[in-house]
Amino acid sequence: MIDKRVATLADAVAGISDGATVLIGGFGDSGVPVELVHALLDQGARDLTVVTNNAGSGERDVAALIRERRVRKIVCSYPRSAGSIWFETLWRAGEIELELVPQGTLSERMRAAGAGLGGFFTPTGADTLLAEGREIRVIGGRRHVFEAPLPGDVALIKAHRADRWGNLVYRTAARNFGPTMATAAALTVVQVDQFVELGELDPEAVVTPGIFVDRVVRVGAP
Amino acid sequence: MIDKRVATLADAVAGISDGATVLIGGFGDSGVPVELVHALLDQGARDLTVVTNNAGSGERDVAALIRERRVRKIVCSYPRSAGSIWFETLWRAGEIELELVPQGTLSERMRAAGAGLGGFFTPTGADTLLAEGREIRVIGGRRHVFEAPLPGDVALIKAHRADRWGNLVYRTAARNFGPTMATAAALTVVQVDQFVELGELDPEAVVTPGIFVDRVVRVGAP
Amino acid sequence: MITPLSDVALARRVAADIPDGSYVNLGIGLPTLVADVAGPDKEIVYHSENGILGMGPAPAPGTGDPELINAGKQPVTLLPGGCFFHHTDAFVMMRGGHIDVTVLGAFQVSERGDLANWMTDVDMHPPAVGGAMDLAVGARRVLVMTTHVTRDGRPKLLPACTYPLTAAAVVDRVYTDLAVLDVTPGGFLVREMAAGLTAGELQERTAARLSFAGDVGVLATA
Amino acid sequence: MITPLSDVALARRVAADIPDGSYVNLGIGLPTLVADVAGPDKEIVYHSENGILGMGPAPAPGTGDPELINAGKQPVTLLPGGCFFHHTDAFVMMRGGHIDVTVLGAFQVSERGDLANWMTDVDMHPPAVGGAMDLAVGARRVLVMTTHVTRDGRPKLLPACTYPLTAAAVVDRVYTDLAVLDVTPGGFLVREMAAGLTAGELQERTAARLSFAGDVGVLATA
């Protein structure tokens, strides 16, 4: 019997180790697994490498993780936003490492990890300082840079509905990095708005098949 | 005004050139765009490179293209089946070239073409005779083989429903190579069972967004 | 007397060059104005890097879905025929050559079409790249929309960029408040100029050497 | 007297080793029997390379959906909780380490776990590889299910394969009609044997040098 549903946010993030690489979904405030990130704050894991598109804003979720000095390194495409005070403060102080990756490459590197590939060549960034010192190959007359897979120990993502097999559907643009991160982590943890019965999700419309999901937890009103 | 619907199968395959690389969907008899392939037979293009999982069976679709000596080369993973007489006959006679590609690599190479990547490293086949003389790289302690993108001039695929923007949904396992081939060809032509009004397809459940589609034609009873 | 274009007039001029039926990605900032002024006579499908095709205008205040935002993190709507997909697929569209037109802002553009729009040399903020590099290498047509000179009067159109590149040799056409210029093998070719501006005055404001078309047009100011 | 296992008894033995809740891909031919004999006490999710998770048994005659077939092109059904996806994603699951167990047929297995199951040296047919190489390199656990010797009595378990490899050093355990053998750093280790068979008799039918566990079990024949 397969049942990936867990009862509490604490159960959802149990076992995440110090030093883990954590993939966190979201683009701006859309699709961020806020409650899971706060559960990770409570859980206590430190020295994390966080892979996420933005570096948090204000005092919540990723920004709170950074403020609490739990993040050793962030891998992202756009750490700057109106309220990214904590990231900027620690970055200026040299207290957090930044690996800047073009957004499409960030997503594709996680996909490569999930797909069992050893890496790929992309034209994105090949002529820029982000490719300095990196392997360049001319393919079809165009410069490409080699990019390595980017796997996570854990992925924390947000979806809309899940069944007990962990099949997921999302809502509007909150989908963003979720389906890719789900494939790329050894442990994929999902917060959802609703649980549904097995068979309720349209088999033609499941976005993340349960094979990529380990734990689902419901947040918000039941 | 965007309207990718065309009236006839002849319109759908118009302009396919001699020497074209044609990606043809389907796995066994599931998801094969039978009517489009027969329209291509009628259309007359020759000296084709056909990329498809199987090499046809009996006297119809891909087998008929081969029988009529229209296929110079086939790129596939599994040319053998109970009825693949025409492929076997011409192959033994040295009248058709075969490029054998592991199935996942076949699909991934087309995806790389559609995604604008320059190629990738995969462990699949790296220790086999399919990798002989090819570039091998040890990544993470494991041998990988370099695989190049595989773009098409044309893709012929089968879906279930389409709207005038070319958004597609499929039916059960007939989906197979369709969504990937749609991204990988300069001209993507789709046969569907039904046309629907714009907005009728659930925006959360569109499988192939219309951006990847050029022409859709309805086949069968109206 | 020179009459530089207003932002809205500039956006109208860019919109006039986008063909009916195009798939378009607008960079954040000034380029988003293009969607606001594009008339209803054309059907244009707007793409957002966070997984949306068919974006509509901003929702009425207080009615928006907080998860449904564009690349600039502003609330948007979805048109009938629009759909959602994940980040990796959004960048398949961008990198894979499926976006017909992108309109990007710029710090600098070189006469060979190099684009610098993500980092200056005096930046005190952490670097941030987002999806700009993917768009610049991947879109079929790269349009730049910018003021002709910086706020303190320094030219933005240069023999070579001095800021870090976003991508090399990608810009097709530049629209400024003073002129429309094509990037050609011979450098910048002026196609249209603001009313009252002379060729000499435009060259004074441009560090790159300009050529002028035989029939330089006058930019409409409204 | 030696009592070799029937195909069904062999399938039962394999099924007994598949944990509840596993994601399983069964190769075509003999391995498909495993699904038929796996009891209802375990919930196992069967994967098919053509884009299905949650395959159920064959449909009643005359009721099948002709598009809904498995990798062997036989009609199947979908269980509640099952879903469809495209070929590329099917192979993300296979290559990316998401399939817990695969059961494959074999022409030969070497004592280091090399697998040869796609091509012999006397093959008069065109070569065909399908998805075997992806499964062999990607599944977490690779089980081989085969007769112990060929029809004409030649051993299949060898010091080194003489047929072209499917993948190197991937097989974890081999189930034959005579024995269950683990592939260990020291070569084949016999865990269980058919009733009435002696160690010497098994070694006679095996070209690779065998080791025997301290507590070799007896295979059930029903």
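First chain written, first letter: the chains are A, B, C and D, and each begins at residue 1.
Operating definition for what follows: contacts are C-beta pairs under 8 Å (C-beta built on N, C-alpha and C of every residue); 3 or more make two chains touch, one makes a residue touch a chain.
Source: prediction; values computed, not measured.
Trainee: I need the common contact partners of chain A and chain C, sorted by label.
Mentor: Correct list: B.
Trainee: Which chains lie in contact with each of chain A and chain D?
Mentor: A chain counts here if it touches both chain A and chain D, which gives B.
Trainee: Consider the two chain pairs B-C and B-D; indicate the one with the greater count of contacting C-beta pairs.
Mentor: B-D
Trainee: What's the distance between the Cα centroids of chain A and chain B, rounded to whole Å?
Mentor: 32
Trainee: Which whole number of Å gives the spacing of the CA centres of chain B and chain D?
Mentor: 30
Trainee: Cα centroid separation between chain B and chain C, in whole Å?
Mentor: 35
Trainee: I'd like to verify one number: the distance from the centre of chain C to the centre of chain D, where each centre is the average of its C-alpha atoms, in whole angstrom.
Mentor: The answer is 56 Å.
Trainee: Could you check chain B for residues that touch two or more other chains and list them?
Mentor: Within chain B, residues 108, 111, 115-117, 122-123, 170-172, 204, 207 contact more than one other chain.
Trainee: On chain C, where are the residues touching two or more other chains?
Mentor: Residues 78, 84-85, 91, 94-95, 137-138 of chain C each touch two or more of the other chains.
Trainee: Every pair of chains that touch: which are they?
Mentor: Final set of chain pairs in contact is A-B, A-C, A-D, B-C, B-D.
Trainee: Please output the residues of chain C touching chain B within their complex, sorted ascending.
Mentor: That would be residues 20-21, 23, 43, 45, 47, 53-54, 78, 80-85, 89, 91-99, 137-138 of chain C.
Trainee: Touching residues of chain A toward chain D in the complex: what are they?
Mentor: 1-2, 111, 113-117, 163-165, 167, 183, 198-199, 201, 203-204, 206, 209-212
Trainee: Inside the complex, what are the residues of chain A that reach chain B?
Mentor: Its residues touching chain B are 108, 112, 115-123, 137, 139-140, 142, 144, 148, 169-172, 202, 204-205, 207.
Trainee: Which residues of chain C touch chain A once you look at their complex with the stated criterion?
Mentor: Interface residues on chain C, with respect to chain A: 48-52, 65-69, 73, 78, 84-88, 90-91, 94-95, 114, 125-134, 137-138, 164-168.
Trainee: What residues on chain A touch chain C, complex-wise?
Mentor: 27-31, 55, 77-81, 87-88, 91, 98, 100-105, 107-108, 110-111, 122-130, 170-180, 207
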